[in-house]
Amino acid sequence: MATVVAAHRDELVDLDRMIGDGDHGENLKRGFDAVVSALDSSEVDTPANVLKLVAKTLISKVGGASGPLLGTAFLRAASGLDEVDGASVAAALRAALDGVVARGKAEVGDKTMVDALQPAVEAAEAVKDKSVAEVLAAAAAAAETGAESTIPLVARKGRASYLGERSAGHLDPGARSTSLLLRSLADSAAAS
Amino acid sequence: MATVVAAHRDELVDLDRMIGDGDHGENLKRGFDAVVSALDSSEVDTPANVLKLVAKTLISKVGGASGPLLGTAFLRAASGLDEVDGASVAAALRAALDGVVARGKAEVGDKTMVDALQPAVEAAEAVKDKSVAEVLAAAAAAAETGAESTIPLVARKGRASYLGERSAGHLDPGARSTSLLLRSLADSAAAS
Amino acid sequence: MKKIINDPSTVVDEALQGMALAHPDLLRVQRDPAVIARADAPVRGKVAIISGGGSGHEPMHGGFVGAGMLDAACPGAVFTSPTPDQVQAAVEQVNGGAGVLLVVKNYTGDVLNFETAAELVAMDDVEVRTVVIDDDVAVKDSLYTAGRRGVAGTVLLEKIVGAAAEQGADLDRCEALARKVIANVRSLGLALTACTVPHVGQPSFELADDEYELGIGIHGEPGRERRQMEPADDLVRRLLDPVLEDLPFAAGDRVLLFTNSMGGTPLVELYLAHGIAEKLLAERGIVVERRLVGPYVTSLEMQGMSLTLLKLDDELTELWDAPVRTAALRWGM
Amino acid sequence: MKKIINDPSTVVDEALQGMALAHPDLLRVQRDPAVIARADAPVRGKVAIISGGGSGHEPMHGGFVGAGMLDAACPGAVFTSPTPDQVQAAVEQVNGGAGVLLVVKNYTGDVLNFETAAELVAMDDVEVRTVVIDDDVAVKDSLYTAGRRGVAGTVLLEKIVGAAAEQGADLDRCEALARKVIANVRSLGLALTACTVPHVGQPSFELADDEYELGIGIHGEPGRERRQMEPADDLVRRLLDPVLEDLPFAAGDRVLLFTNSMGGTPLVELYLAHGIAEKLLAERGIVVERRLVGPYVTSLEMQGMSLTLLKLDDELTELWDAPVRTAALRWGM
């Protein structure tokens, strides 16, 4: 995931520059770089514990709106993830979404990461009896469509909302990064 | 003279921007505008008194290096000017030059107004037995050549001297304005 | 991008080191996580006032750390809210046992990060309160947005609440005063040029040579309306009118007028604009009783300005006048 | 050109009106000829310290008018020396009967105009002395030029001599102190961008995106050498080395380090540069005993900075620390 974030840093910075303050790519890069060193320097066993460490690192290192939101997402996902099968993964994604909504109070259509995450959760739940790789693939695909759907929207949450009508016509950086993260999860699940 | 200065304000500003601080045209315009209102609102009789009023106004309104220098020039010229004939005019110009040199300590070749004024004085003295108009015409022509001669020079006085070698290749704004002033004097003498 | 920096990713850390060296009598700096604390912190028995936010708005907030104002500031990356661990570290450094007030500017990121921090700090049995300032009248329809932003009014809040805390006010009074300032302060800003965030490397937006941006935030985010450039008289009126209407301010009101530069606007223009604002207020019968003029809440090198009005009463005026000793605001000591 | 102004020809006059409104407790402004005088002037029995120069360098000099610093400042048009009648009017306003010290920055125009004024004032039986400061080490070969320019060191001179005058020093001691500061202060500046004088309407020079100008003056005049942009570590070294060599400053010297912004350079960069300068000085065993960091001697919105070093002894340090109460420098009162 860190590699994906690093590769897309400039794209996310540019997206955030259009309708926000231009730091989203840098925020995430700082966060995921810290995640990599945290994982390197500690012994984590279960997937749930990995997610917890990721969550804590993101919360303390990312800052911005996306730090606490993504951190909460990973933290909640950790609690939802007992076993590693399709149903657990779908449940973890649902828990993550609930966490983001609880903190940020955004709905679908507000032009935020929720526009990517909520369709992803729904798509995952629809195929939850399949393999982890298939569940994540469905989620990633839906997140991509969801992210694209933010383009025409007028933002109602976060920094972009200050632009009013002028926020329309731009992809939301948080929705885009959410879909990138899910795609990278799906790719690694497919490879393993 | 005020009209000439106003007409050439931008040119002088540009020249000063190249090797100075870009205010020469504005300084002179402010000064000569004030001269016009001073002359309008007071009753001056003799040419010497006109020159004195011009001098006082320039000293108090122009500022910059050129204010005290031109002011001194007009002040000294006033003392030199008893009668209005070619010889007196030549003597007045010599007095003006001496005043500028006394204050500013510049020599020909230092890339200052002296490079225009000194040849003008010499040319005027060479024809001092002719009419006022002819004396001033000779002075103006020599001043123009003198001003042009500043182009290749490296400045050794005033703000342009800080540029060192980089001041070469530019016309000195003070030399240019001196030649413009003399030309306008010559033109009005020729017309009257 | 031309800046006096070594590496975009170390700008804030290096600047903090320089700040510590510049003001050894006023403050000390902790580097990871980054905290700027008053040199004599913790002050026993005093309510600790802590603020923070993205860097790039200097002197806010680090320049307001010191006696009579902030106990600590948490500087985030440029234009990025600080992280909860910074706020926790600040509390550890400056908590004098009488409780902590967190002063937060209303941005989703700042609110979420300070909220998280407050939860964590409260778990350590420290009494902590949070106030969120949202003085920017540029944001309309706040039901459909993240709400109004916190901008230049923050300085006035920090000065006034800081003075009260220094005089021994308890946490309840500090919180109440902060809410009183928030209720009585309004701001609006404009930009003539954009600024460049070091790690972005390009201006945050483009403005033509004859345009300005009205209702600008302090993070290089574009404002609400792009307009044709106008004379200063009109620019000042466009800032002042919405501010006056919003509270509203009326004839007879006593106010503090704060004319703020966004960083790149020189003092000669700022004083000129301040004079216009004073005259417009006098015409309306509003009494300017105190004023602050200068670059206090900036957006890096952005050219532009903001106007802030705070309605004063005797309590607020006295606290404004109380001694303060920080890098950026100092009088009476 | 985009500026918050109404008309290029009234910028200074309007700004002075705004300044008077902003600081009624500190200063008063006379408009024609323009003079900024301390609110309580003339102070009977005190030597009057008067300075002045072109506008566009704010807060210098008007921002330094007040108790413990200047009695009056004479603001010329932007980047143009004031006229003799302004200086005469300033003397009339603030002469307390103990003599007048004129502090002049070394530029042909300033020197000629102050010289003329000094002659006129002396004719009215006022005892007047003139000191000319020339701290800019950028100007080499001063035999073949108008000599070194007066730049940021002027602030340190005005603070120190102003403190002495406030404490009752006579004209001889004030003049001697001024000469002592001039003998011990050196500066060098650089610019990343040019500035635009309102009545010119265009930048004073062009700099490519990867160039900077070393040895810049404070009037938008180009410097001595145009160089490729470098990291802050190198920029600071290029400023500091010539300053150190010039006096020279040596290990064991106690100094005041003044890191000045030309206006458009934000504080985050300035603190970063200040930190580098402190480290370089520490490496050489030079003891930084006092510091000043901020935009104090500016060139409108120009981005850039200067470094100034003043060799301190107990006398200078005490006068630096003495109370001062002006718009731009204030402590102890």
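Letters A, B, C and D mark the chains in the order given here, with residues in each chain numbered from 1 onward.
The working rule: a contact is a pair of C-beta atoms (placed from the backbone, for glycine too) under 8 Å apart; a residue touches a chain by one contact, two chains touch by 3 or more.
According to UniProt, the chain labels map to these proteins: A, B = Dihydroxyacetone kinase-like protein; C, D = phosphoenolpyruvate--glycerone phosphotransferase.
Computed from a predicted model, the values in this text were never measured in an experiment.
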Legend entry - Most distant chain from chain B, judged by the mean position of its C-alpha atoms: A
Inset, instruction - Please compute the C-alpha centroid of chain B, do the same for chain D, then give the distance between them in whole Å. - result: 31
Inset, instruction - Averaging only over C-alpha atoms, locate the centres of chain A and chain B and give their separation in whole Å. - result: 74
Inset, instruction - Determine the centre-to-centre distance between chain B and chain C, using the mean Cα coordinates as centres, and give it in whole Å. - result: 54
Legend entry - Where chain A touches two or more other chains, by residue: none
Inset, instruction - Mark out which residues of chain C touch at least two other chains, giving numbers and ranges. - result: 78
Legend entry - Chain contact graph, described as a line, ring, star, complete graph or other shape: line
Legend entry - Each pair of chains that touches, named by its two labels: A-C, B-D, C-D
Legend entry - For the chain D and chain C complex, residues of the former touching the latter: 2-7, 11-12, 14-22, 55-56, 58-59, 63, 78, 192-193, 209-210, 212, 229, 231-233, 235, 259, 263-276, 278, 288, 291, 293, 295, 298, 300-301, 303, 305, 325, 330-333
Inset, instruction - Report the residues of chain B in contact with chain D in the complex, numbered from low to high. - result: 13, 17, 20-23, 26-27, 30, 59-69, 71, 103-104, 155-159, 161-164, 166
Legend entry - List of chain D residues in touch with chain B within their complex: 33, 54, 76-85, 107-109, 112-113, 115-116, 138-139, 141, 144-146, 149, 197, 199-200, 202, 204-205, 217, 219-222, 224
